[in-house]
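First the structure, then my questions, so here it is.
The letters A, B, C, D and E name the chains in turn, as written, and every chain counts its residues from 1.
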Amino acid sequence: MILATTAPLRAAGLVLRRDLALAFRRWEQVTHPVVFFLMVATLFPLALNPKPSLLADVAAGVVWVSALLSSMLALETLYRADVEDGTLEQLTLTGQPLALLLLAKTVAHWILSGLPLVLAAPVVAIAFGADAAANAVLMTAIALGTAVLSLIGSVGAALTLGSRRGSVLLSLLVLPLIMPVLIFGARATALAMHGESAEGPLWLLGALLILALTLTPFASAAAVRISLE
Amino acid sequence: MGTWTWFHKLSSPPHCYRIAGQLIPWFAIPAALLIVAGIYGGLVRAPADYQQGDAFRIIYVHAPAAWLSLMCYTVMAVAAAVGLVWRIKLAHALAAATAPIGASFALLCLATGSIWGKPMWGTWWTWDARLTSQLILLFLYLGYQALRSAYDDIGKADRASAVLAIVGVVNVPIIHFSVNWWNSLHQGSTVLRRGGPAMPASMLVPLILCFFGFTFLYAALACVRVRAEVLRRERNAHWLQDLAGRRGRTESAT
Amino acid sequence: MADAVDAHLVADHLHLWRGQRHVLRGLYVEARAGEFIHLKGANGTGKTSLLRTLAGFLWPEEGEIRWCGQPVGQDRDGYAVAMAYLGHENALKGDLTALENLHYATNLRHATPQSAQRAVLERLGVAAQADLPTRVLSAGQKRRVAMARVLLSRATLWLLDEPFTNLDTQGVTDLAALVAEHTRQGGIALVTSHAAIALAEGQVRELVLA
Amino acid sequence: MILATTAPLRAAGLVLRRDLALAFRRWEQVTHPVVFFLMVATLFPLALNPKPSLLADVAAGVVWVSALLSSMLALETLYRADVEDGTLEQLTLTGQPLALLLLAKTVAHWILSGLPLVLAAPVVAIAFGADAAANAVLMTAIALGTAVLSLIGSVGAALTLGSRRGSVLLSLLVLPLIMPVLIFGARATALAMHGESAEGPLWLLGALLILALTLTPFASAAAVRISLE
Amino acid sequence: MADAVDAHLVADHLHLWRGQRHVLRGLYVEARAGEFIHLKGANGTGKTSLLRTLAGFLWPEEGEIRWCGQPVGQDRDGYAVAMAYLGHENALKGDLTALENLHYATNLRHATPQSAQRAVLERLGVAAQADLPTRVLSAGQKRRVAMARVLLSRATLWLLDEPFTNLDTQGVTDLAALVAEHTRQGGIALVTSHAAIALAEGQVRELVLA
C-alpha cells in the first residue's frame, strides 16, 4: 500500500497557506472583520444616550460583544465555499489526518478575523473613554477569546454545513458555547480598567483555549464527515 | 442634437484623457495660491479667538476638509447617476476617481477634529451626532470602495457602485443638519447659516480662501485620477497604443 | 502505482437506502487491476450513490467494501491515497489559477513539480488557461482542469462521475484514451457516463444499474 | 406580441407566497431571527457589570442594536439562494415588473425577520428593567425600523450578489445607510421611556419608510440585473 | 404561440468581450419560425456567452438583437415573455416538490392548471417524482423537471444551454423529439450540445462557433 508521501505538518502548512492566499487574492476583504467590528461599536453610541460616563461603563461590554459578533460572522465562510465547490470532499481524501487539516483552516480563520481585532480593540476602548492602562490585558484577552471562538466556531460551522440557513443557525449553536469566553474576557477587561489584577480570568481563558485546542479539531473532523454524507 | 454630438465628443476617452491633462495646471496652480494665501491669512493675519486662543486656527484645515468630504460625496453620486442613466463610462470614471479623494478629506476632517477636540473638549473623541455621522460618511466611502473592489469587471463595478452611491446620498443632508437636529457638543453652523456668518471678516476671509483652495485641489486631483481611470479602462484600445507609439517614437528621436 | 499489480476492489452485496428509496439492492461489483468499468443506467438508478459509497462518503446499510482484500474501514487513509474521486463538482477555487489549484491539491498527497503540472494541463488542452483564475474558464475548461488533478494524484483507483460532461467531442475521445492508458498500466477506473465510450471492443466492461 | 397574462399584483403575491412557503417548509428556521435577537440581548448583561440602573439606561440601545443586527443577518439569504440555483434569472424573464417581484420578496423577508422582533422587543426591554409604558412606541418604532432596514438591505443584498464574500461586505454597505433608522428609533424609544412624546422621531421613521418604499425597489431591480451580467 | 408565425430572431454583428477575451467577433445569427439551431463548438468558444447575450443577461459591446424586427431593448418584457431560457443551473428550489416548483414558476407568466403540469412531468418521465422535494432527485431527474418549466412556458423562442447534460440515452432522444415538435409548430430553438442531435436530416441546422 502506498501512503501519502507529504508529511502531515507540511500538508497542514499547505492548507493554511492556501487559505491565506485565497484571502489575500481579494485583500480588501481582509479588512472586513475589523471594519465590521468598528461599525458595530459605532452603532452603540448612536443608540445610547451619549453621556460620557455611561459610555465608559459599557466600553468593555461593547468591545467584547462586537468582537465576538465580528469574528462569528466571518465563521460562516470557513467551510461553506469549500463544500460548495467540492474542495472539502477532496480534503477528506488526501490520506492526511483530517483534524489537522481543519485545524490549519481554523488557524487561518483566526489570523484573518481574530488577530486584526486584537489591534483594533484598544482603539475602540479608548474612543469609549476607557482607561488606556488596561490595553495590554484587553489585547491578551481578545487574542485568547477570539482564538477559542474560532475553534468552537469551527465545530459549529462544520455542523451547519448540511443545512441551508447558515449564518443564523451557526450563531444559535455557537453563542451559548462561547458565553464563558465572554464572561471571563469582559471580567478581565473590567478588572484591568479598574486597576485591579486580571490574572485570574486570563488564566481561565488560557485554560479554555487549551481545552478547545485539544478537543475541537476532532469534533470538527467528525462533523465534516457527517455533512458530506 | 448639436449639444449631444458635442457632449459625446467630450466624453470620448481619448478626448477626455487629453482635456483632463490640459486642465491639471489650471486647477493645481490656483489651488496652491489660494491655500497658501488662506493659510497665511489664517495662521498669521487673523486675530486669536477670544475664547479659544490660537487653537481655533486649525479650522482652516478642518472646516474646508469637512465641506469637501460632503461635496465629494455629492459629486460622486451625481456622476454615478449620470453614468448609470446615460451609460457614460467617463461619468463612472469620475465617480471612481472621486471616492478616494473624498475619503481622504473625511479622514482629514476626523483627524483635525480630534486634534482640536483634545484642547477644546478635553477628549479626542465623543459620540456626538455630528462626529459620529462624519465617521459614518467615512464608512460610506469605505463601503463604496469595498463594493468596487469586490467585482473583477470594471463595467459591473461601475454600475453596482453607482446604485450604492445614489442610495447613500440621502445621508449627506443628515450629516449637514445633524448639529441642528440634535443638540450636540459640536459647533453649530457658523458660516452657512441664516442671517449670515457669525465670524469677523479677518477670520472669515482666509477660511473662504482655504475652501476655494481645497476645491481647486480636489479638481486637480480628480483630473489626475480620472486620467488613470481612463488608462485602466482603455488599456486595449487603439488610440492608446497609437499614443504610446507616438511617445515612444518621439522619445527615441530625441 | 508501485504495487498496483494486486490492486483489487470488491463491493460485496451493498444495500443502500436514500430516504424512502432502496437504491442499491445487494449490488456486487468486483474490479481487478487493469479494468475499465463503464457504469450505465437510466437517471436515478443510483450511479452517483454507488460511486460516493465506494469513495467512503456514504455508508451502506449492509455489505462491505474491500480494497486489496481488506475492508476499507481498517485503513481509511491508505485507501484514500490509493483513490482519486471526481464528483459532479470540480473542486476548483475560482480565485486561484489552474496551476495554483493543482499545486495546493496535489502536494497534499505527494510533492509534485510544477513542470509535471504544466505537462498534464498541456495534455488536457488547457495549457493556455494555466495562469487564468479558474472562475473565468468555460464549463468544459473547468472540467479539464479538475481531471488534471486526478491524473496527478498517482492513485490506482479512479472513481469518475460523468467526467465527460461539458467536454467537446475531441475532449471526450482524448479523455477516454487517457483513462484507458491508466488501466493498461494496472490502474482501475469506474466511470459513469450516459454516452457510449468510444474505445476498442473488450477494453471497457459495461455495468448497467437498474 | 403575447404578453404575460398573469396580473402583476397576482405575480407578486405568488412570489411572496413562494418565499413564505419555502421558509415554513423548515419552520424551525422561522424562529432563528428572534432567537438570535434574544441571544445578542443576553450577551450584554453578561459582558456588563450588572447594575440594574446601568441596564435600564442601555435598554433602548441594546434592543435596537440587537434588532438591527438580527434582521441584517437574515438579509444575506434574501437573494443568494435564488442566484445560486438560477431562480433569480428566471424571475427577470417572467415579463413582470422586476421591482414589484423583488418588493414581494422583501416583504416576505420582513414578515419573517422583522415582524417577530416587534413582538420580542418589549420582552427584552422589560427584562432590562425598562418601563412597560413605552411598549407601544417601542413596537411601532421597531416595526417601522425593521421595514426600512429590509428595504435598504434588499438593495445591499442585491449589490453584493456578484461578489463572493456576502455577509461581511453586506454589513459594510448597509450599516452606514441605516444609521438614521437607528438614531430616530432609539430616540423615540428613549423619549417614550422617559414619559415624553415620541411623535417627532416616529413621524421621521414613517417618512423614511415611505422614501425607502418608493425608491429601493427600483434600486434593487437595477442591482439584480447588474449582478446577473 | 398565437402569432408565432412571424417569429424572427436576428443577432446582428455581435461583439462581446469577457475579461480580456474577445469572445464573439461580429457574429451574425438569424433564426426564423420553425428553425431548430444546434450550436456547436469546442470548449470555451462562447456558446454559453451567446445564449446569455440573447437572453439579455450580457450586453454586447457592439451589435444589436432584434426580435420580430424590433430591437429587444424597446420591449424588454414582451421579449422576455416570448422566450424561455434553460441555463446550466436548473432553477429549482430543493425544498419544494417538482409540482410546486412548476406552480410558482409558470403561473408568474400564465395561469396553468395543475393537470397540465402533471401531464408534462409524465411526458418527461418524472411523474413518479412529482411530489418529492427536488433536492432528493438525481441529476438527470432534476434536469427533466427544469425542462418541464420550458415546456409549460408557452414561449416561442427556446434558448437551451446543454439541456441533455445528465440525461440518459432514452431521455436524450425524447427531449430532442420534443424540441423538434416545438419548432414544427412554429417555435424557434437554439440548443447547445456537444453530442450530435439524432434527428432526421434537415430538421436541425448546425451553427459552429470557433
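One rule holds in what follows: contacts are C-beta pairs under 8 Å (C-beta built on N, C-alpha and C of every residue); 3 or more make two chains touch, one makes a residue touch a chain.
Since we're looking at a predicted model, the values are computed, not measured.
J.: Would you identify the chain whose Cα-based centre sits farthest away from the centre of chain B?
T.: The chain lying farthest from chain B is C.
J.: Would you mind telling me which chain pair, A-B or B-D, is linked by more contacting C-beta pairs?
T.: Taking the two pairs in turn, the one with more contacts turns out to be B-D.
J.: By CA centroid distance, what chain is farthest from chain A?
T.: Relative to chain A, the chain with the farthest C-alpha centre is E.
J.: Measuring centre to centre with CA averages, how many angstrom lie between chain B and chain E?
T.: It comes to 49 Å between the two C-alpha centres.
J.: At what distance in angstrom does the C-alpha mean of chain D lie from that of chain C?
T.: 46
J.: Find the geometric centre of each of chain D and chain E from their Cα atoms only, then give the gap between the two centres in Å, rounded to an integer.
T.: The mean C-alpha positions of chain D and chain E differ by 36 Å.
J.: Going through chain D residue by residue, note those that touch at least 2 other chains and give them in order.
T.: 26, 81, 164-165, 169, 172, 175-176, 179, 183, 229
J.: Quick check on chain C: which residues sit in contact with 2+ other chains?
T.: Correct list: 88, 94-95.
J.: Which positions in chain B touch two or more other chains at once?
T.: Where chain B meets two or more other chains at a single residue, that happens at 132, 136, 139, 142, 146, 150, 153.
J.: Across the complex, what residues on chain E touch chain D?
T.: 1-3, 55-59, 68, 75, 77-78, 80-85, 87-96, 100, 104-105, 107-111, 149, 154
J.: Show which residues of chain D lie in contact with chain E when the two form their complex.
T.: It comes out as residues 1-6, 11, 14-15, 17-18, 21-22, 25-26, 81, 84-87, 89-97, 101, 228-229.
J.: Hey, which residues of chain B end up touching chain D in the complex?
T.: 84, 129, 132-133, 136-137, 139-140, 142-143, 146-147, 150-151, 153, 155-156, 159-160, 163-164, 166-168, 170-171, 174, 182
J.: Spell out the residues on chain E that touch chain C in their complex, using ranges where they run on.
T.: On the chain E side, the touching residues are 18-19, 41-45, 48, 88, 125, 129, 136-141, 143-144, 162, 165-172, 194-195.
J.: Name, in rising order, each residue of chain A that touches chain D in their complex.
T.: 26, 29, 32-33, 35-36, 39-40, 43-44, 46-49, 54, 57-58, 60-62, 64-65, 68-69, 73-74, 76-77, 81, 163-169, 171-172, 175-176, 179, 182-183, 186, 190
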